[in-house]
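Chain lettering (A, B and C) follows the sequence in which the chains are written, and residue indices restart at 1 in each chain.
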Amino acid sequence: MNFVQKTTNLNKVLKGTSYVSSYPLTPSLLVIQEKQFPLDNAKYYLNVNSLYSALPSGTGIFRAVQGVTVKAQYRYVHTDVDLPSYKNLRRTSTIEPTIPAKETNEKRKAFTYLSTVGTLMCGTLAAKFGIVKVVKYLDWNQDVAALGTSEINIGTIPEGKSITFKTPVEIDAVRTVPIESLRDPQSDESRCKKKEWLVCLGVCTHLGCVPLHNKGENVGGFFCPCHGSHYDASGRVTNGPAPQNLEIPSYFFKDENTIVVG
Amino acid sequence: MFLVNFKQFVEQKRTIIFSNFSVLFLCTADFFLIMAVVRKLGNIKLLKCRPSFISLQVCHFSNGAGTRWNIKKSMYTTIGLAVGGASALLYALEQSVKAYDWPLHPPAYNWSHSGVLDAYDHASIRRGFYVYKNVCSACHSLDFIPFRRLIDVAFTEDEMREIAAEFQVCIQDGPNEDGEMFMRPGKVSDYIPPPYPNEEAAAAANNGAVPPDLSLIVLGREGNEDYIFSMLNGYTDADDIPAGVEISEGAHYNPYFTGSVIAMAPPLYNNVIEYDDGTPATRSQLTKDVVTFLSWCSQPEMEKRKLWLIKFLILIDTSGHP
Amino acid sequence: MIKRSFLYQLIFKRTGTMVLTAVLGGIILETAIDNISEAIFFKYNKGKLWDDIKHNYVKDV
């Protein structure tokens, strides 16, 4: 850089105030200042070009002395710059030097802990979102959840024809049976929300075959053809290897003719 | 003489390899040009030696060839530049502009949902679904959208149940207790049934052109909503087709479509359907609504995303100033 | 304006109260941010959202 400065006209751009000449082959320059340099005008010399134009030239109040041994550098002394104050960067409680640190201890700690608590609050939020994310991952798919409920129109199902519709005779029969005599004691009232309608899963509790309606030993009951389990008209097991009654899903009557299962 | 020969040469061997060679040739010519500029630059005043130093300093640092810039080299450079420029010009002139080379770029429209915080216009989504159902769904599937997704977006649950039940012939279920598959009315939990059972059936019904699935079409085309809108409105009448373009039977000219020849017939006309909210069903209105609907299909999570942006900004803004 | 030393005595001196404050503050922060951002979003998009056009289609509720 020094070489480029010295050999080219770029010097004007690269240097403003100081002129260094140390190349042994060149004649060094010493500028002797004969008059006080007008410091009042220092405000005026703001950029490199103006500073350069203020540099001493060969004539006028300055003169140059050449020689190999003379020092060839001059610099301005900046006496007009204030020492910077860092007051606005300090905590207000510690600005006054006479107050002991013990007294401002709680104030200072409160500020530090306040920012800690703020970070912790955001951390709590982030942790909560993370947990919700993981738990939702284990949740049902929306597809599956949408299949979970289905509506059945029971208005079109003829009496006695359907496997879920009980005639009055059957209702009497299943309601008068002593509950204690059953393998899996449940009353018909607890199994049916409306006494005409039995809503149950058509899956045998033994090994999962589909029981047939109006077959077997019970009137209006179910019979599993695989291993011979008998269910009555309320879906309760009366004979055979099945351990439990037919399972009742959760359902409710939306209106007269509609059941929502699931 | 040289120019004529060169042009014949270009016509004979206009292959990819040749064009690669020509690019290489141009690069070499450019290299000469840059070298020449750099060398010339070395001579300008800024980097020139100052006269006061010349006598004292060794002068051959900045530019050794400063004085040796000879005629031979400048001649080579000039020839290289001339040949390179001429060949580039010829190559450009030789290429004729074809109507199908340049698909028309759609203008940027101001969509109701295109702002940073803008939600979809849900009334428009609702109308757009009717357009899809009555017009587009004859050929285009919408495989990734179930009916339930539209509940509380553009339809109530009861309305959606009725609409789903209208798709009766298309939904196959089963087997029943006799082991047979059967058709049943659509349910809210079903996906919107496709018009064709598979791609081959779609191709066979449309002269071999398969109508694309529309679920992600807005994100899947360059220009997004603007492209779909311009394309649907951009069909050209038979009289206005540019000269030299041959349109085969069943194809249509559309400058926005890549290749400009599209198999789809213009789908939307004024009053092709009637809106239930009384909006006049002009063609541009129909198009705008169906594009809004398809945009929603492509990114149904957009509103949630924009809500999250607000939350994020609030959090950043409050935590930025403790 | 609560004095800082009072805040320190009340909350930050014990770790338990500090963590409790952080958790409660997190809940309050979340609720506040949710409400504010939704209010902004709904106000910005007034007339376009489903809630604004819903009354045209819901039968006798």
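The definition used in the following text is that a contact is a pair of C-beta atoms (placed from the backbone, for glycine too) under 8 Å apart; a residue touches a chain by one contact, two chains touch by 3 or more.
Computed from a prediction, not measured in an experiment: that's the story for all the values here.
Steps from chain A to chain C, taking the shortest chain of touch contacts, total 1.
Chain pairs A-B and B-C differ in how many C-beta pairs they share in contact, with the greater number at B-C.
Greatest Cα centroid separation from chain C: this falls to B. With centres set at the average Cα position, the gap from chain A to chain C is 16 Å. Mean C-alpha positions place chain A and chain B at a centre distance of 33 Å.
Once the centre of each chain is set as its mean CA position, chain B and chain C turn out to be 42 Å apart.
Within chain B, residues 315 each touch two or more of the remaining chains. In chain A, the residues touching two or more other chains are 114, 122. Taken in their complex, chain C has these residues touching chain B: 33-34, 36-38, 40-41, 44-45, 48-50, 52-54, 56-59.
Here chain C touches chain A in the complex through residues 4-5, 7-9, 11-12, 18-19, 21-23, 25-27, 29-30, going by the rule given at the top. Considering their complex, residues 45-50, 53, 56-57, 61-62, 146, 148, 187-189, 315, 319, 322 of chain B touch chain A. Only residues 106-107, 109-111, 113-114, 116-117, 120-125, 128 of chain A touch chain C when the two sit together in their complex. Chain B meets chain C in the complex at residues 112, 117-123, 126, 152-156, 158-159, 277, 303, 306-307, 310-311, 314-315.
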